[in-house]
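Each of the two complexes below includes chain A, the first together with chain B, the second together with chain C.
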Partner chain A sequence: MIKEGKVKIWSDYQKEIPDDHWFYVRSCIRQNFFPAAEVTFLKILREELGKDIYETPRHTTCGGIAYHLECIPQETQMTIIARQFALMTEAGYENYTCSCVTSFGLYSETLETWHEMPEVEAKIRENLWKSCRMEFKVPKYLAHTSDLFYKFRNDISAKAKYRLVNKETGEPLKVVEHIGCHYAKMFPSKGVGGAEYPYVLAGMAESWGGNIIDYPERRHCCGYGFRQYHVKANRGYSLSNSYKKFESMEPYHPDMIITNCPGCHYFMDRWQYVIAEQTRKTYGQNGYGIPVFTYEEVAGLTLGYNPWDLGLQTHQVAVEPLLDKIGIEYNASEKYLGTGGKLICTPEFPMSIKCC
Partner chain B sequence: MDFGYSLSKSSTMKIENLENSKFKALAKLEPDATKCIGCGCCTASCSAGVFADMSLRQILLSLQRDCQDKYLPMLQNCMLCGKCMLVCPRGINTRHLILSICKIYGIEQ
Partner chain C sequence: MGKLYDRLVKDIRIKEWLKACINCGVCVAICPAAEFYKYNPKTIVNIVQSHDDEQIEALLKSDNIWYCGECMSCMTRCPRKNAPGMIIMALRSLSIDMGYFVESEKGRQQLPLQRTFCSNILDYGYCVYPRTFAYEDHPESGTVGKWISDNLEDVHKRLGSNLDGEGPGVLRKIPKESLDDLKAIFDVTGATARMKLVEDASAKKAQEMGLSIEEYVKKAFNDPGHGHTNE
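Entry: the complex of A and B
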């Protein structure tokens, strides 16, 4: 597809994203795997952009993993979501943003269900009152957190210390953007740019100096899929999906992958290690693999944050070759230092994929 | 390293690379071969299919995709009763088609 065609599609799928005052909820798995990504999101919005964003420790899971694994019915899941909305209402906010793409899909699905079937919403309100004695207002605006960074991408770019550019050649880095399936595949109008060619991450990467790669399996699932990975018998299928994507992007020699979904980020990073151990095949240059980042981590890097404060030491694929390519300064000896300068631990190195 | 699971071979195929000269010969002899919509009525009504592997739908698909080695032996289970012919919504003469496949692909019926 030619660029003009994409621009036409992107112009058809634009959503209204308010400028300020957001109620924020975190992702379940992301807090554990890449905790610094969410911390960086809040830091950039509050300290760099001066935005009002509120979060409460009382918020819980959206129920997405249990719902998609068919462990809980939709009514239960919608009641959990109604409780989150009640927390937002209590805090006096109308704009709701979530860090997880699964949650975003589920919130969109719930709001659409209530819109089509008001009697279901009434039932959920009753459930919530009976179980928690809480009431809620439906959010005026719903956005994924990547939507917010998309909106403020030029503001971030204006403050950036580094660009996504090879410091030796001056060429833009070749970026693979991967959007979580639940971001726009279920409700194309809810995502920036629609489902076929979402613009949300492409817009960020271009604004920060990179070049997007358009490869054949660009819209293919990362392979996580709840019933694929969580059921061990299906885990090979999960791995095979990621393998298909890596094989498809390999000829374009990507420098990095940016994702906006907790699952995609984790599996595109970790499966590179598993593929290397099983097949001895590595992607990227010199056997290091292709580093995978969240958009917050990339924003943090461009703003000049310390890579180890961004949690890049928790990645499986080494990020140092890319940091060197951009020219980002870091201290290798501080990689595994925790708070107070104490060495946390040094991980064992894998056999087939190179690490720093 | 054994993780307890492994990569599946990709099912991607490049149509331009398929060797399907035999299927072309079959389609010339038996134009019905390209009329199948893969609905599976033949398989559902197959007397042999109850006791042994026999799926004309799978066989036709494998011929088109040049991966017939695993599926052709199924034809030896066919009793040529013709029940599939009665239920085919495309009116394919399945019995004749099966005999033509055996002839072109060298299967002993």
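Entry: the complex of A and C
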């Protein structure tokens, strides 16, 4: 499609994102696998941008993964969400932002259902009162946390120490953006740019100096599939779908992948390792993989944060070739140290995918 | 109109997301599951809209309804605003409610899933919790995954987590009052009852298969079975 056409579609799907005062809920997957990404998100919003974002220790999982595993009924899932809204109401906020894309999809679905079927909302209110003696207002605005960095992308860019540019050639890096399915495939109007041309990550990458790659399987699922990953017997499904994406993006020689969904990040990082171990195939240059990042990690890198404070040592695909390409300074010997330089053991080297 | 169909149409997801399927097959073309498994979302929607209880019962007892990954790519594409993924969710719920899920290999995976994820929610307040995410069950997490697992406290401390700590932060200890709230929600909204149903039906099926419940769980979690995937 010609650029003008894309611009028109994107303009149809611009959502309103308030400037400040957010109630924040975390992601189960991101906390487990990329904890520093959430730490970085709050640090940038509070310390770099001076925004008010509030978290209560009383918030919990939204139950979304269990719901998509059919472990809990829809009514349970909606009542857990209602409890999160009650915590927001209690704290005096009306803008709600969540770190998880599965959660974002469920919040969108729940609010849509309540809008269409007020009797369902009434039933959930009754459930919440009966179980927790709590009441709630629905959020005035709902945003995924990537929406917030999209909104502030140019402010982050203005403070950036590094750009997503090859320091030797001056060329923009080639960036694959991967949007979690539940961000906009279910309710396109809830995501920046809709489902067809979501702009949330593309906007960030372009603002920070990169060029987006358009490749055939750009919108294909990473393959999480809930039970298709969480049951060991089914994991071929998950692996096969990531494989399909890597094969499709390979001819475009991407320098990096950026995701807004913590699950997608995990699978696209770890399945590259599995593919290499099983078939010796690698997708990056010189036997490395294509490094995969969350948007918080990329923002932190451009702002000049220490890559090991950003948690890039928890990635299986080595990030150093990309850091070198941009010219980001780092101390390789500190990669696997604990707090205060504490010596802890280092990971074993994989057989087939090169690591630093 | 049969009784299974009558129960299905009471599900919100069917009310909202089943219109009239025109059999165009776009959902099949876009579906990651259809590419991997012997699976066709269009056929499933057709069976539901046939209103034929005999066919619906066979579907609820089959592996077919457990192949979907719930990515909801179909929901974006359907020209008639159907959502086969949502219809699948309603079918799975009914299969569990009727106790039919134990009749298929993929349906029997419900027990190990429930034991892990409901326990994670009720005991810790998270769907995924690092101390129950065993490397042995997740070798794909790689050499770095093993390193994190072997050095959990040190790695999380280095990265700024508040693992099992008081107050806010990454992987904080969820206060007991909040866990009590989750338990009360489970009791009031049917999750506790569903857990008991899955345990009881699985125990009965394990006995029928000549397996201990531990063997049944292990088989359901590890055994990929035969004939599910496209070659």
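Here is the rule we use: the second predicted complex is superposed on the first by the 356 of 356 C-alpha atoms of A that agree within 3 Å, B and C clash if a C-alpha of one lies under 4 Å from a C-alpha of the other, contacts with A are read in each partner's own complex, and residues count from 1 in each chain.
In this text, a residue touches a chain if its C-beta (ideal position, glycine included) is under 8 Å from a C-beta of that chain, and two chains touch if they have at least 3 such contacts.
These numbers were taken from a predicted model, which means no experiment stands behind them.
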Simultaneous placement of chain C and chain B on chain A, clash or fit: fit
Counting only touches as set out at the top, which of chain B and chain C does A:R235 meet: first, second, both, neither? both
Applying the document's definition of touch, where does A:G203 land relative to chain B and chain C: first, second, both, or neither? neither
Value for angle(chain B, chain A, chain C) over C-alpha centres, in degrees, nearest 10, is 50
In this superposition, which partner touches a larger number of chain A residues, chain B or chain C? C
Now for A:G105: first (chain B), second (chain C), both, or neither, which partner does it touch? second
Classify the contacts of A:F349 with the two partner chains as first (chain B alone), second (chain C alone), both, or neither. second
Once chain A of both complexes is superposed, is A:V274 in touch with chain B (first), chain C (second), both, or neither? both
Touch check for A:E247: first (chain B), second (chain C), both, or neither? first
Rounded to whole Å, what minimum CA distance do you find between chain B and chain C in the overlaid structures? 6
Once the complexes are superposed, what residues of chain A are shared between the chain B interface and the chain C interface? 232-233, 235-237, 239-240, 244, 274
Help me check something: in the complex, which residues belonging to chain B touch chain A? 1, 3-8, 10, 12
For the complex, give me every residue of chain C touching chain A. 12-13, 15-16, 32-33, 35-37, 66, 68-73, 75-76, 83, 89, 92-93, 96, 106, 109-110, 112-114, 116-118, 120-121, 125-130, 133, 137, 140-148, 150-151, 154-161, 166-172, 174-175, 177-179, 181-182, 184-191, 194-195, 220-225, 229
Tell me, which parts of chain A touch chain C in their complex? 26, 28-29, 31-32, 35-36, 38-39, 55-61, 63-66, 68-76, 79-80, 83, 105, 113, 116-117, 120, 127-128, 130-132, 134, 181-182, 185-186, 188, 195-196, 219-221, 223-228, 230-237, 239-241, 244, 270-271, 273-274, 308-309, 311, 313-316, 336-339, 342, 344-350, 355
Please output the residues of chain A touching chain B within their complex, sorted ascending. 232-233, 235-237, 239-240, 243-244, 247, 274-275, 277-279, 351
